[in-house]
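In C-alpha cells below, several structures.
Presented sequentially are two complexes of chain A, the first with chain B as partner and the second with chain C.
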Partner chain A sequence: MTFAERMLKIDRRIIFLVIGLCTLLPLLYPVGLPIKISPEVRGVYDHIESLPERSVVFLSFDFDPASKPELHPQAIALLRHAFKKNLRVVAMTLWVTGTGLADQIITQVAREMEKENGKDYVFLGWSPGNTAVIINLGQDLYKAFPSDYGGKPTKGLPVLDGVHSLKDITYLVGLGAGNPGVEAWYVFGKDKYRFEMGGGCTGVMAPGLYPLLRSGQINGLIGGLRGAAEYESLIDRKGTAVAGMDAQSATHAAIVLLVIMCNVFYFASRAQQGRG
Partner chain B sequence: MILLRRQLPLFITLVTGLTMATQYYVPHPVSEELLTSVTKWLQIIGGFALVLGVTSLFHVHAVKIRRQEAGWGYSGVLYAGMLGTIAVGLWANGKESIDGVMTAFGWAYSYMMVPLQGTMFAILAFFIASAAYRSFRARSREAAVLLAAAVIVMMGRVPLGEYILPLSGDVSQWILNVLNASVRRAILIGVSLGAVALSFKIIFGVERSYLGGGKE
Partner chain C sequence: MPFESIIGAWVATGLTLFIFSFLYKDNPVFKVAEHLYVGVSVGYTIVKTYDTVIVHLIWKPIVENQEWMLLIPVFIGLLMLTRYVPKASWLSRYAFAFIVGVGSGLAIPRTISSFILKQIEDTIRPLLTLMPGEGVSFTWNLLSPASGVNAIIILVGVCSVLFYFFFSVEHRGPGKAVARTGVFFLMIAFGAAFGYTVMARMSLLIGRLTDLIEFSDASYGRPTLWLLVMTIGLLIVLGRRTRSEPPQEG
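Now for the complex of A and B:
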C-alpha cells in the first residue's frame, strides 16, 4: 500500500481529534478576527432600528435544544435589540420541545433589560396544530392563545394593546431550525396577513431560504452562528456567537484542508495506479 | 360499509377541499369566521394526534419489551424516560419554573434534554469532517465544481476564510444569492406545482392512498 493510499484510509479518530482541537483551542484562546456584516443580517437590524417605540415585534422561537448553539445567540441578540429600542415583544414557539428554552431566553433577557412581563413582553408558549396555529393567530390571537405561558389571560394585557391578530403586528422574525419554521411563517402568515417579516435559521438551512430573501418575501436573514455573530456586532453586545466564530473559523479551515489533502492523495494514488 | 370506508371520506374530502380552497379568495366575514373555526379544529385535532403518537410509541416499545427483541433494553430506557418526564411534568403542571424556582420538570429539561440534544447535534461536526475527508473527491467534472463551490462558501462564511482569501466572502455571497437562489427557486416552483397537482388529485378522489388499505 502506497503512502497516498494509507493516508486515504487514515483512522477517523485522528480526524475527530483535529476537529476537537480546532473547536476547543480557539474557545480557550480567542483571536477575535473582525466580522464583516452581510446585507441579509443588516436587513433585519435596520428594520428593527427603524421601528418607532412600542411597536409590536413578534418573535417565534421555532427550534429545540439541538439548534441551541446557533439560534440561542440569535434570539438573545434580537431580544436585546428589541428591548433596547423599547419595542413590545410577543413571543411564542411552534416546537413543543423548544418551549422551555424559549421561556428561559425571554425571561433571562427581560430580567437583564428590566422589562416587565405582560407590559413590555409576553411569552405565549406553544400550542398544537403546527401551521394551523399561524392561521389561527392571523384570524384571532386571543382564540389561538387565550392565556400566556404563565396562565394569565392574554385579553387585557397591556403589551397586546391594539393587537387582535397577526395583521396588527409591526414586524415578525421567525427563528427556525426546520419545519415549521421561517418558510411556514411566510406561506401561512405573511402571505395572507400582510406584515413585514425577517428570518433566522441554522447555517445548513440558510441557502434554502435565499429565494425568499431575494424576492423580498423576507427582508433579512440571520444565518447560523455567523449571522448571530454579525447581529451581536451590530448591537455592540458581543456574546457567545462572536466567541464561537473563532472556533467555527478553525473548524471550517480544518475541513477545507482535509478535503484538499484527501483530493491530493486521491489523485496521487490514481497516478500511481496508472503507472503500475 | 363502502359508504363509510370510501364514499363518505371521499365526499368529505371533496367538500372540505373545495370549500377551503375557495375560502382563501373570499375575504367576507363569514368566510373568515369559517377559517377561524376550521383552524381551531385543526389545533384540537393536533392535540389528539399528539396523544395518538405517544400511545403508538408506547405500544410499539411495549411489544419489543414483551418479546425481548434485540435492543429491548433501549425500549425500557425509553419507557423510563417517558413515564418519568410525564410524571414530573404533571407534578409541575407543565411548567419549567414556578415563581423563578426550577421544577423537577424544568430540571429534567435543562439538565437532561438540552445537553443530550446538544451533544447529539455536536457529534455531527465530527462525522461531517470524517465523511468529507473520505468522500468529497473530484471524481468527475460535476464533483469538482461542487467541491470548488463548497470550499469557497465554507471559507467565505467565516472571518478566517475572508482574512486568508479576501475575495471568498463576496464570491460566496454571489454563489448563495445568484446560483443557489435561482436553482432553489426552480426546485421550489416544481415542488409547489407538484403539491397543487397532488392536492387536486386528493380532492377529486384520484389519489386515495390516505384512506388506507383493507377490504371494501
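Now for the complex of A and C:
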C-alpha cells in the first residue's frame, strides 16, 4: 500500500482529533482576528439604530437549545441593542421546545440592562398553531396571547400601549432555526400586514434566505455565529460569538487543508494505479 | 454560585461528554445521553403543550370566562381522536378536511405571492438604469447585488437551471450547453450551502467547547475535568467488558 492510499484510509478519529484541537486551542488562547461587518448584518443594525425611542420591536425566538450556540448570541446582541436604544420589546416563540430558553434570554438581558417586565418588554411565550399564530397576531394580538408567559393579562400592559396587532409594530426580527421561522414570518406576517422585517438564522439556513434579502423582502440577515459576532462588534459588546471566531477560522482552515490533501492523495493514488 | 447553576453545569457537561464519546465509537454511555435527550424533549413538549393548550387556552377560558364558542374547535379537535376507535374513525376525516382546507387556503396564496411572484419580479430586473442628468447606464460592479452584470448572471442562472430540470427535451447540441451551464450554477449553490453547513456545525462544536471550558472553573466544582476522567474510565471498563464477553452463539 502506497503512502497516498494509507492516507486515504486514515482512521477518521484522527481527523476528529485535529478538528477538536483546532477548535479548542483558539478558544483557550485567542488571537483576536479582525471581524469585517457584512452589509446584510449592518442592515438589521442600521434599521434598529434609526428607530425612535419607545418604538415597538418584535422579536421571535424560533429556535430550541439544539441551535443555542448560533442563535443565543444573536438574541442577546439584538436585545442589548434594543434595550440600549430604549425601544419596547415584544418577544415570543413559535417553537414549544424553545420556550424556556427564550424566557431565560430575555430575563437575563432585561436584568442586566435594568429593564422592567410589562413596561419595557414582555415575553408572550408560545402558542400552538405555528403559522396560524402569526395570522392571529396580525388580526388581534390580545386574542392570540390573552396572557403573557408569566400569566399576566396582556391587555393594559404599558409595553403594548397602542399595539393591537402586527400592523402596529415598528420592526420585527425573526430568529429562526427551521420551520416555522424567518420565512413564515415573511409569508404570513410581513407580506400580509406590511411591517419592516429583518432575520437571523443558523448557518445552514442562510443560503436559502439570501434570495429574500436580495429582493428586499427582508432588510437584513444575521447568519450563524459569524453574523452574531458581527452584530456584537457593531454594538461594541463582545460576547461568546466574537470569542468563537478565532476557533471558527482555525477549523475552516483545517477543513480546507484536509479537503486539498484528500484530493492530492486521491489523484496520486489514481495515478499510481494507472501506472501499475 | 446558585446551587441550581452548579447542578445544571454538571448535567450539561456530563451529557456533552457522553455524546462526544460517540466520536470514539458507539457505546452505552452515548446511548444513555441520546435516550435522555429524546425523552426530555418529548416530556418537555407534552408538559408545555398541556399547560398552554389544555389549561390556558381551553379550560380556563371555558370554565372561568364562559367562552362557550371555544367548544366548537375543541369538538373538531376531539374528532381526531376517533382514529383510535375503528368503528368511528371516519369522523376524524372531518377534522383533517377542516385542517387541510384552512391550511391550504391560508398557505397557497401567500406562498405564491412571497416566493413565486416576488422572486420572479426580482429575477427580471431592468439591465439599464436611467439616472437623471446622466442618461442610461449599465453597471459592471460584481460586488453590488443590484448591478446590471449581476442581473444578467441571475437571469442566465435561473433559465439554465430550469432548463436542466426540463426533461421533455433531450439535452443535446445547444441544449446540452445550456444544461451544463445549469449544472455549473447548481454546483456553486451546493458549494455555498455546504460551506455554510460546515460553518454551522463548527459553531455548534464551538458552543459546546465554550461551555466545557467555562465549566472547568473551580466555582462549578470543575465538572469538565472530573466527568472527562469518569467518561474515559467508563469507556475503558466497557471496552474491556465487551472484549471479555464470549461471542453469542447462533
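As a working rule, the second predicted complex is superposed on the first by the 276 of 276 C-alpha atoms of A that agree within 3 Å, B and C clash if a C-alpha of one lies under 4 Å from a C-alpha of the other, contacts with A are read in each partner's own complex, and residues count from 1 in each chain.
Just so we're on the same page, a residue touches a chain if its C-beta (ideal position, glycine included) is under 8 Å from a C-beta of that chain, and two chains touch if they have at least 3 such contacts.
None of the values given here were measured: they were computed from a predicted structure.
Judged by the touch definition given at the top, the superposed model places A:D103 against chain B, while chain C stays out of reach. In the superposition on chain A, A:P207 makes contact with both chain B and chain C. Contacts of A:V18 after superposition on the shared chain: chain B is touched, whereas chain C is not. Looking at the shared chain after the overlay, A:T240 reaches chain C, while chain B stays out of its contact range. In the superposition on chain A, A:Y186 contacts chain C only, with no contact to chain B.
In the superposition on chain A, contact is made by A:K143 with chain B only, not with chain C. By the touch criterion stated above, A:C262 is placed in contact with chain B alone, chain C being left untouched. In the superposition on chain A, A:S127 makes contact with both chain B and chain C.
The partner of chain A that touches more of its residues, comparing chain B with chain C, is B. Shared-chain residue A:P34: touches chain B; no touch with chain C.
In the superposition on the C-alpha atoms of chain A, the part of chain A touched by chain B in one complex and by chain C in the other spans residues 16, 19-20, 23, 68-69, 96-97, 99-100, 127-128, 132, 135, 192, 203, 206-208, 211, 214-215, 224, 226, 248, 251-252, 255. Residues 13, 16, 19-20, 23-24, 27-28, 68-70, 72, 96-97, 99-100, 125-128, 131-132, 135, 146-147, 151, 183, 186-188, 191-192, 202-204, 206-208, 211, 214-217, 223-226, 240, 243-244, 247-248, 251-252, 255 of chain A touch chain C in their complex.
Chain contact summary for the complex, chain C toward chain A: residues 23-24, 41, 44-45, 48-49, 52-53, 56-57, 61, 106-107, 110-111, 113-115, 118-119, 121-122, 145, 189, 192-193, 196-200, 202-210, 213. Chain contact summary for the complex, chain A toward chain B: residues 8, 10, 12, 15-16, 18-20, 23, 33-36, 38, 64-69, 96-97, 99-101, 103-104, 127-130, 132-133, 135-136, 139-140, 143-144, 192, 203, 206-208, 210-211, 213-215, 224, 226, 245-246, 248-256, 258-263, 266-267.
Of all residues in chain B, those touching chain A in their complex are 24, 32, 35-36, 39-40, 42-47, 49-50, 96-97, 106, 109-110, 113-118, 120-122, 125-126, 128-130, 132-134, 136-138, 147, 150-151, 154-155, 157-164, 169, 173, 176-177, 180-181, 184-185, 188.
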